[in-house]
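There are structures below to look over.
First chain A sits with chain B, and in the next complex the same chain sits with chain C.
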Partner chain A sequence: MNGIIASILDGLLVGSVYGLAAMGLTLIWGVMNVINLTHGAIIVAGMFGVFLLATVLGVNAYASILPLVAASFVLGVGLYWVAVHRVIGQPPLMSLLSTFAVNLILIGLGTALWGTQLFNVTVTLPGLSLGRYTFPGTHIMAAVLAFVIAGLLYLFLHHTRLGKAVRAVANNREAAALVGIPTTWVLSLAFGLGVALACTAGALIATMFPFTVLSGSTYQVNSFVVTVLGGLGNPAGALLGGVALGLLEGLATPFMPVSWTSVIEFVLFVIVLIAFPRGLFNFRRS
Partner chain B sequence: MKRRPLIAAAAMLPAIPLAVSLYASPARAADKTLTIGFTVSETGSLNVDSLAQLHGFELWRDDVNAAGGIKVGDDHYKIKFVSYDDQSQGGRVQQLYTRLIVQDHAPFLFSPYSSGLAATAAIISEQYGKIMLTEGAAESKTYELGNKYLFQMYTPADHYLTSALDVVKAKEPTGTIALVYSDDPFSKAVATAVRAQAAERGLKIVLDESYPPNQTDFSAIINKIVSSHADVLLGGGHYPDGATMARQIYDQKAPLKWITLLVAPDSPQFATLGPAAQGISTPSQWAPQVTYKPDFGPTPAAFAKAFTERFKIAPGYHAAGGYGGGLILQHAIEVAGSIDPAKVAAALDKTDATTLFGATKFSTDPKSHGLQIAHDMVLSQWQMKDGKLVKEVVWPLGAATAPAAYPLR
Partner chain C sequence: MGHFAIVRRPFFWIIVAATALFALVPLWGNNVELRESLVLAAVYVTLASNLNLMIGYTGYVNFGNIVFFGLGGYFGVYFSNAFGWPLIPAALVGAAIVSGLAYLFGLGILRLRGAYFALATIGVNEAVRAFVQNFDPWGGASGLYIPISAFGQFGGPMQALWAIYFLLVLVMGLSLVLSYAIKSSKFGLGLLAIGQNEDAAAVLGVATPRYKAMAYSISAFLPAVAGALFFFKSAFIQPVDAFDLSLSVEVIVMLMLGGQGTVTGAAIGAFLYEELRGHLLTSATFSNFQLVIAGALLLLIVLFVPGGLMGWVHRRWPRTRTVLE
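So, the complex of A and B:
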């Protein structure tokens, strides 16, 4: 097992979770043209959720994901009605401000309650050792779950009536309303789904790395990069974009000082934007 | 008409308690307050360590005030703190220290926690000619820029990993080192010293890299450490990155025989990492088991007991450094018999004392004024004792409470 190959493989694993995190952002962005700036805060909420359930209540970390998905979906729908509904269709700055305000509230609450101390969720899962290198079980499990969830999302969007309604509203809201789809209801559902995806990604990240109240911002920036790489509104593209980003990180790190990795990432990101303005994985376009 | 005398009497009522208080408490005229200003990182990444330092300050203040205050001639000054949240940011430190000096008129200052922030505060304090005792700040460059009123409590960064190198030399003379550290002024200063000191001891550094201070995922770096076949890891930075790296090293089963990380393992919170914390060592400015005999102030054991009772957690070196800084300032004011800055600075320059924190003596060479020249570091290691994780002092051998566990796990 070569160090470079180990780095690439681990990059792919962690990249899948970046992709999952970005799926929530891209779904909301694609369906209702709202850039959800609470994305980072929701990821942190997912991290705290799994911490509370696993460390304080003793529930298995992975089993705690299901109740978190349900709770965050409800939270997302609520957030939609409180902060987003009235700014749909308004100039983009309105929705940015609105979601940014909610983000500040959530982070502020979190800091007031828990400070910025580091929290850790200890998960014992046997890893996979190849030669001198070990791939932690948590990374493998997180990557597997990311793909499973992405698959479920795909099935939902393409093989259920509700999913088709979501895609219809994303495609053309007025036309969807004309054919009798309750667009407002669908928008709130899509927002809830996007929030649930972000929360789940946060929960999985918490099983892999310790976190603080402020950890969401790194993943929020990552999610933007991945969303644009994968194409706006394209959840499958987001997953692949995340994997691509992870691959890039894994490939670059063995060859250069770690501090240069993000420079390379963003330079390549700019190049991709110029060459593929619609994203790398935008195969079919409207 | 009849009511007037009544009203007049009623109007005079409040005057009575006032008159009584003026005559009945002779101490009132001599009850003065001395303001000490500083910032705390209540938010941001330095939060954990900065709050520990603040608790040290608070315990000192309350102990001093309970004993009647600092004695200056015939007067007693009660200590009052004015502090703000610097959010772990240099920009805020700049604004807030200016405010502490210009608006709050604090005659004495403590530094924020961390070398980077203390360096920023030092620029402001020197500009206004205010005495500042720096705690939680080990980088030595700050004192080499020409200052008159800076006084460093901590052992300078150059000596942080010296004892770890001594352990490696003793246990594995041909061992190879991976030096992986955070890209911040303190950690970089430590790393620079390690390179020179490792060469002096004939130890080879096979990986030498820095990472951004806000790095959250160390998997790729750890793979690099594994690829380098290093026996020993030295480095880290502050709490979040050190703790995360420790956890990921354990998850990835990196085959290292010795790990010394800066700062993070010293916090009692480090034990929450469970098995990932075992065997990890840290250079420490202080440990609760040290047996210094103080010239004034409480003994290390008495301090540790009082701190644990009040804050429900054992003190680490950040808290001890905070308390020690307060004691040294108090002693200098009492010796000077005045709160005049020039006199107190002269008293600080002449300080050569031992407190619960250890020895304190400041350099008076203008090229390095205020640099700490007497304080020693200890090396502590997390070890399993009766199924629980405890921090034992393993080096220097004269101060050790347990032998070093090599290899660490």
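So, the complex of A and C:
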């Protein structure tokens, strides 16, 4: 019984990092109706960023997140102007393909540089023992940071002028432009933010699990599932969706082989998408 | 227009001639190397043409289109292995099942539009892949093998490779004829109307849910047959290859390269993509950067030539519209 509870708690910790990654995806969707298929590659960029800073240069893994956020924000704004700006407002196929193209370029560069072998970032952090079970310190730290960053995003979106502009553009781009908000600029900012969130999540995942250049696709599909559970375009829902997915994984692990959990996840994903396209955690009435 | 009116049009005979040429060229000098590259091209043309029914005609982005190819492969290989069926009935029965499943699924997921539909198709592909990885009768994650004795039905492995090549070229030709026949039918007009404006089409009396599900189901059939033939030829199928989401997207790239919505564009795009890919893979300088080049090419097409090759040709020489559909 204790084993099950421990598994669930650990699932919740890891799930909140999934939620953080999905917040990046859902923020971009909510603001500009673009499904960012560079998401997986950006997560991998975060992983290798922390690998370079922490393992190669010897910076503290958690301290290295700050420069990574800054760098990935700049990268995101750049990506917006290169690949997304021209396809805003076009049929979904166009933005899916333009972001996928960038994904190919990034993954291609990554494989050329690092090959496809396994990397890991070793972080020594004391775990927390409850009875016979020890929760890894990295999992606790990652979950705490995920919630702190989610809180900061909430404060930014609801209590700063710029954040309110982002929400206004998400709500109605024409109306936002009419009241004088520089919408294009805000779109690029939102894309940068979404990319920075994905990159941070990647950095946190790297402190917990080993990774390769190709790990991105798994975490990207994982973010899709979380995003759909939480409702596309709803950052708070994404965090809840991540926690819910972690809960599901934690709950299922003691009872069935790990490979079956992904079957359940994807079936749930399709059912939720068809039956509740606004997500499970959308309490507002439409 | 009568049912067989398309056989009186020049474009139909262009398709027939191109398909015949495809089948005959590697026979000249028994060129096995060329045949192997054309096998891939025939599969790609089949996948791209059928995907075109969804993306180009109906305007629904089927991102997980490869699921039909993979499932068709699994049914074909399984029927051949477990029941000892000859390849052709195994492939046809498998494809009929895949097509039927697609119809039922289509009624559900085609209620979603735009990016939501695209996401759902990714979900369907991933769900099927995850399921097959755990499904023991189909060999789970390690997959299924075809025993060499199964090639006996064609008179040996060498003859079997040629026979399957001709069958794949036939499937490719049928895909092109099907695309063309649908485009020049009332059904196709309904699909194009849905692609332009679904609500307006519904108001004007197009039975949109049924039309969409039928297009989805039809676009599943020939890719499933091609999957059965292709994986029988490889004598091996495993979930990672059968439900490879990146091949799914590559097919979309082929469609964009040639020009979505046109029969010729889907075919030429798939053929060019296969040639290009072959050169990138074999060239020492480029093989490391194959993905980078493919990505850059795709980005340039999407941003600057969204109509693809045929879009450009049709704009440059408007008279070609009447001949090359």
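Before moving on, here are some points about what is shown:
Basically, the second predicted complex is superposed on the first by the 278 of 286 C-alpha atoms of A that agree within 3 Å, B and C clash if a C-alpha of one lies under 4 Å from a C-alpha of the other, contacts with A are read in each partner's own complex, and residues count from 1 in each chain.
As a working rule, a residue touches a chain if its C-beta (ideal position, glycine included) is under 8 Å from a C-beta of that chain, and two chains touch if they have at least 3 such contacts.
Since the structure is predicted, the reported quantities are computational estimates derived from the model, not experimental observations.
Once the two complexes are overlaid on the shared chain, A:P91 sits against chain C while remaining clear of chain B.
In the superposition on chain A, A:P182 makes contact with neither chain B nor chain C.
Judged by the touch definition given at the top, the superposed model places A:S262 against both chain B and chain C. When both complexes are overlaid on chain A, the residue A:G151 reaches neither chain B nor chain C. Contacts of A:P67 after superposition: neither chain B nor chain C is touched. Residue contacts after overlaying the shared chain place A:A6 against chain B, while chain C stays out of touching range. Touch criterion met: A:T111 reaches chain B and chain C at once. By the document's definition of touching, of the two partners only chain C reaches A:A83; chain B does not.
In the superposition on chain A, A:V221 makes contact with chain C only, while chain B stays out of contact range. In the superposition on chain A, chain A positions 111, 257, 259, 262 are in contact with chain B in one complex as well as with chain C in the other. Of all the residues in chain A, the ones that touch chain C in their complex are 29, 33, 35, 82-83, 86-87, 90-94, 96-98, 100-105, 107-109, 111-112, 217, 221, 224-225, 228, 232, 257, 259-260, 262-263, 265-267, 269-270, 273-274, 277.
On the chain C side of its complex with chain A, the touching residues are 55, 59, 61, 63, 108-109, 111-112, 114-116, 118-120, 122-124, 126-127, 130-131, 133-134, 141, 245, 249, 252-253, 256, 288-299, 302-303, 306. Put simply, chain A touches chain B in their complex at residues 3, 6-7, 10-11, 14, 111, 115-118, 120, 122, 127, 129, 132-136, 138-139, 208-212, 214-215, 218, 249-250, 253-254, 257-259, 261-262.
Interface residues of chain B facing chain A in the complex, by the touch rule stated above, are 42-45, 47-48, 51, 88, 183, 209-212, 214-217, 219-221, 223-224, 226-227, 239-240, 243-244, 247-248, 251-255, 269, 272-274.
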